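Heads up, the next two complexes both have chain A, just with different partners, chain B and then chain C.
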Partner chain A sequence: MTLETSRFESPTDVEGAVALLAAEGGAKVLSGGTDLLVQMRLGAGAPQVFVDVKRIPRLMAVRLGSEGLTIGASVPAAEIFENESIRSLWPGVAEATDLIGSTQVQGRATWSGNLCNASPAADSVPALMACGAVAVIAGPSGERRVSVDAFIKGPGKTVLRRGELVVEFEIPAPPPRSADAYLRLIPRTEMDIAVVGAGVQVELDDGGAIASARVVLGAVAPTALFVEAAASALIGSRLEDAALDAAAAASRAAATPIDDRRGTIAYRKKIAGVLTTRAAKIAFERAQAR
Partner chain B sequence: MSADTNEGQERKFKRIGTRPIRHDGLDKVTGRARFGADYALPGMLHGVMVRSPYAHARILSIDISQAEKVPGVRAVVTRDDFPDVPIGWIPAGSTGVDLGANARTVMAREKVLFHGHAFAAVAATTELAAREAGKLIKVEWEVLTPVLSLEQALAKDAPILHEGQETKGDHPTPEGDSNIANQVCFEGGDIAAGFEEADVIVEGHFETPMVHQGYIEPHACLANVREDGTCEVWCPTQGAFGVKGEVASIAGIEPSLVKVTPTEIGGGFGGKIPVYIEPVAVVLSRKAARPVKITMSREEVFRGSGPTSGSRMWARIGAKSDGTFVAVETKFDFEAGAFRGSPVGAACMTVFSPYNCENFRIFGRDIVLNKPRVAAYRAPGAPIGAFAAESLIDELAMKLDRNPIDLRIQNAVAEGDRAKYGPRFGTIGFKEVLEATRSHPHYKAELGPNQGRGVAAGFWFNAGMQSSATVSVNDDGSAVVRTGNPDIGGSRASMALMCAEELGVDVARVRPLVGDTDSVGYCDPTGGSRVTYATGMAVIEATRQVVDHLRARAATIWDIELDAVEWQDGNAVAINGSAEKGSMSLEDIARKMRLTGGPIVSSASVNPPAAGPGFGVHVCDLEVDPETGVSKVIRYTVVQDAGKAIHPTYVEGQYQGGAAQGIGWALNEEYLWDAEGKVENAGFLDYRIPVASDLPMIDTVIVEVANPLHPYGVRGVGETPIVPPLGAVANAMRHATGIRFHRLPMSPPRVLDALDSDGASS
Partner chain C sequence: MAKLRVETTINGEETEFLCSGQDSLLDVLRGPLAMTGTKEGCTTGDCGACSIVLDGRLVPSCLVLAAEAEGRVVETIEGVADGQKLTAVQQQFLEHGALQCGICTPGFIIAAEKLLEKNPDPTEEEARYYLAGNLCRCTGYDKIIRAVLDAAAVRREERA
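Right after this comes the complex of A and B.
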């Protein structure tokens, strides 16, 4: 399929989008297009139908309440990062979002695209997982909710079935005295793909020790990875050196990266440990400040 | 122009040294400027190059019959559509030219010699049809073992890229066919005695990767061959006259039939001196009888154009305990890519020339292998050699416990000293630059934890060569200055400034133009840091002739002798016995041109055999994250002798641009190859040039030691700034981490690896 023979549709409601996606196997959701169009240019071929979902009000809406955040799947990264409430409630998610590409790319790029593209190196995904985010999926047989950590099946593979699209994300309100953080390593300062990413969320008990934690690594396995052992190492601690060392060791052990042009196995494993401790410290300080 | 017309030291300039807005600025910031890919003609076809899937293979046969049947296809061309230009090196200046190699670089003939080497091209009504047709071209290949490293190229039983290629050049050359295309050697004094005499010797093996110029605009061209055989080409190029010659020779057309119009150009750095697609577009257009446009993708730019050599180097310095250099020696192996012509010669000529040392042996080899053929890249070869030399000088300073700038000043060349390649230096500003660096606040600033400071120097010859300029006066007293040098770094503003200075008018009254090959006198390319120097000379000369005309017209109007008219800041002024006539402005004279002899136009051409060399010193502060190996340049200062800065903003721009490219080369840039010789990172995502946020604002200091060869004292400034950074960054890394890196780039994984192995892997 080539651009000359592709069709472009911009439905204005979810039903319309589902109908188009269900009717034609060669239909693809177009959100910001910063993955889809780039891949097309690199020779991946154009879809039969572009289903541009940015005209659907629900996919562009932002609702923030006591329960948490419900946000349309196509809200661009720039709008998310510029939202002060989102930035103060989920600073880790916000900073992950702000790392995607550059100012120009962020005017277009979206969480749904980042998630559905299912790259192991996607920046928003570990941060969203660390905060327990859920993707709301609409399809021919109605809607279903899938937590972000269960959404990606492998590089380029997701739970989406024919006719389905992500319509919004839900992030539960952060518990009191909890906070998140996200760090990634790239050789440059921007316009690069994560060599390693690490999202950490911690919740403190009344005494100021870590009561619960989530540690997620990106770019070191086929999908973003919960590192339970690293989280366990942090729980009960106030980030004493021993706890940090144990968490770093757990991350290094859990990482199963590949050698590629962005980093070697040995390097990625080391960095997985370093970013785990650094992100944990930031999340811990933020939680203490709340 | 002779040295006695030089006023660089004394003359009080009115406009030179100011910073007017560049004439092309508005069009560029509004996106209206037209670059190569912006040109189109009615009925135009889209051409695409068809590129080799192998790094080394013999072409046994090519069948284009299926490709020609694709709907929309109007022409398919291969080697059979091009004349067979014989291979052969024609020496020219410090390098040379091989027209046969140029032809084969553009369109493979006997063999493909690198992955991505073009062996056919298609023109069709759509780019898509052309690409589809390209896939249907059937080639019978005899796949050969690719030679992908210097080791492989030099191995005893190495596959030979060019049968019949014998090593040329200096000193015992290998017998028979060889991948060593050329050897150069500069020797002086007694090298063995020199090292014998030394109290300290520092030495090291160094490696640098093949890197690309990374210009922002991919190559593009539009060609139209007409029924009468005349041919027009529009393309972004550093030299339209060069394109004209190459098109004529490679496409087999009379040069007189070819007209080349240079478009606006988005960077070149040497990589837009050669042609890659222009002759092909011409041959396609000739065959299809329609205009043809070819635009290279970024991926094609990485696979098929540029780059500069990767290298393996060994060097050593012997010094007395007081710091005096007594012997220097190098052995350089440079990758030429598919055809001879690496810049190893220039690397050898520049490497130790900034320093006095009587005993020296500088040896280099130019080695072919199955990688893209190298093209010029800003001070070709010099940054590579300087990386080795300046790293070793830093080591020497540490061994002798000397300040690295003092040690350099002690050994620095000055006027009358001999360069290693022969000639004596004229007036140069190396010591002045070193002293300005030593007293700069940056050099004295405190450093924080994990930070290190590196200093390195660099030198580039700069070029003179041929240039022409035409200046014409409009009847409102404004002027047009036309040259044939594409403006890459703001040179139009500099040409206008020089013209305005001589005329004595506001620079806004002078419109600078870059002409096509039919509308201006011959100009060698925009390269060699030569335009402001040599083309500027032609502009000054032509403008002085215009001024003489203006004086003569005033003399006619006043009916007095020419000698009684002086030109003072835009006015003809009657002097001596005629002072009572007063003065007459340029506008007044221009308005009366038709009555006093008609239009005033003057042209001048120059061919200065030499230029004034440029010396620069860079200071780099680097901070290294010891846990990740990620480094960041936190402060960077460039100090360089410009002779005379015509438009200081564009001098500073050259300093900053060269530093930025050199920093990228030092820290992250490299081609990554798969086992078959295919570039794995043919794009800016994984070929990491620095982005704006990677660099601090690069500070600049313009030192002005007037160049006696130029009427205003100008020296070229474009290339010297890329010579020191590789060494400066490596020296900063040494002082931040305690580890001497011998291999570039110093990317985060390599740095962390070296830190974790105590330098064993550096």
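Right after this comes the complex of A and C.
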């Protein structure tokens, strides 16, 4: 335990949170705490001020309408996964959320934390990118909207400036005959960090061929990345072998992973291709069923 | 810096405590409140030994700041039994001998109670996934899972 003690603040509106974060360079947003408090225990030191944002109603609100989902940045993963509407409209986002940590961790962990922690292996990020999710950021000069794919600048680095915090996420309603899927590979069945993650969203045309696609890989580059060439390979197809092979090759080529104890470069590149095709098949079948 | 005064409800009782800004709820439960049923394992949210229920949700109390508990509802292992009457989960842990050193047991019981509340008839696989964040280094899990599944059956009979 450090001798210095941290201040604890729990503002009840966004303006209050922004004021605290802007005033003190050492202030940190406390959402679920599953990264912040762990980093503190592992020696990063306690922040000067904890800004607990969970008493701000907007950060805990879930609004689902014809235009899509607007969800508070501090809604815990468990609540997201329990929401049947979210599970049915964005099954890939839901399954990615359900892969984060344990039941206990999911009682605390949030999308905003997963995003702001900016780990290359974050599970929710590729899935949110595949669905075109946008982060709404509040700060001293008002609000701005940044798509999830543009939010992370590198490992641990984001677009957030002093005084800013993520207040909510927006996910556009899925087009008719579209669906998403997320898969990740870990060496065990639970409680681990992605070796590779793949989020895919496809939209079908009237004839049942893929009209548009998004393919996103996680854990194989400094940030989650869109693989445009893999998406292009899927478009126009009904996932014939040639299209799947081309998409897998594109993902292998786009992946620039590191060697570490969870996987080698060669293995991660291969798996990036495998997960791309498997996630594409799941998304395709889901879209056909809609 | 002055200590924070926090008012909360623990196992149905209004409770008040003092804490520092960075104290975890686990620190306060085991320290000033002397409720040592909740165990400290890893302090990084990986082991489940410190599991509690906060506003109805299973969470690791090592990753909750004590000050966050203001006005919230906290449930710990001490509040699981009804006086001297054990729950089906607790009874089945005894009957199966589903513990050795016992450090993981309160966390397992709190988590298993929550599992059976949400899913009264889990499959073995569902139980294993739900409890994957509770680590036990003694038993090999088999007796724990059998105790939980048998407790589920007992609870279903009691409620039938």
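By our rule, the second predicted complex is superposed on the first by the 286 of 290 C-alpha atoms of A that agree within 3 Å, B and C clash if a C-alpha of one lies under 4 Å from a C-alpha of the other, contacts with A are read in each partner's own complex, and residues count from 1 in each chain.
The rule is short, and it goes like this: a contact is a pair of C-beta atoms (placed from the backbone, for glycine too) under 8 Å apart; a residue touches a chain by one contact, two chains touch by 3 or more.
Keep in mind that this is a model prediction, so the values were computed, not measured.
Asker: Comparing chain B against chain C, which has contacts with more of the residues in chain A?
Answerer: The partner with more contacted residues on chain A is C.
Asker: Answer with first, second, both or neither: which of chain B and chain C does A:190 touch in the superposed model?
Answerer: Both partners, chain B and chain C.
Asker: In the overlay, answer first, second, both or neither for which of chain B and chain C A:52 touches.
Answerer: Only chain C is touched by A:52; chain B is not.
Asker: Is A:7 in contact with chain B, with chain C, with both, or with neither (first, second, both, neither)?
Answerer: So A:7 only meets chain C here.
Asker: By the touch definition at the top of the document, which applies to A:198: first (chain B), second (chain C), both, or neither?
Answerer: neither
Asker: In the overlaid three-chain picture, which partner chain does A:270 touch, first (chain B) or second (chain C), both, or neither?
Answerer: First partner only, chain B.
Asker: Quick one: classify A:37 as touching chain B (first), chain C (second), both or neither.
Answerer: In the superposed model, A:37 contacts chain C only, not chain B.
Asker: Under the contact rule defined above, give the chain A residues that sit at the interface with chain B and also at the interface with chain C.
Answerer: Of chain A, residues 2, 189-191 contact chain B in one complex and chain C in the other.
Asker: For a test of understanding, state which residues of chain A touch chain B in their complex under the given definition.
Answerer: Touching chain B from chain A are residues 2, 4, 185, 187-193, 195, 261-264, 266-267, 270-271, 274.
Asker: Under the touch definition given earlier, write down the residues of chain A that touch chain C in their complex.
Answerer: On the chain A side, the touching residues are 1-2, 5-8, 10, 30, 32-34, 37-38, 40-42, 46, 49-50, 52, 54, 76, 78-79, 101-105, 107-108, 189-191.
Asker: Per the contact definition, I'd like the list of chain B residues that touch chain A in the complex.
Answerer: 126, 128, 627-630, 632, 667-668, 672, 680-681, 684-686, 688, 690-691, 693-694, 747-749, 752-753, 756
Asker: How about chain C: which of its residues touch chain A in the complex?
Answerer: Listed in rising order, the residues are 1, 4, 20-22, 24, 43-46, 48, 51, 54, 57-60, 62-65, 67-68, 70, 111, 114-115, 129-134.
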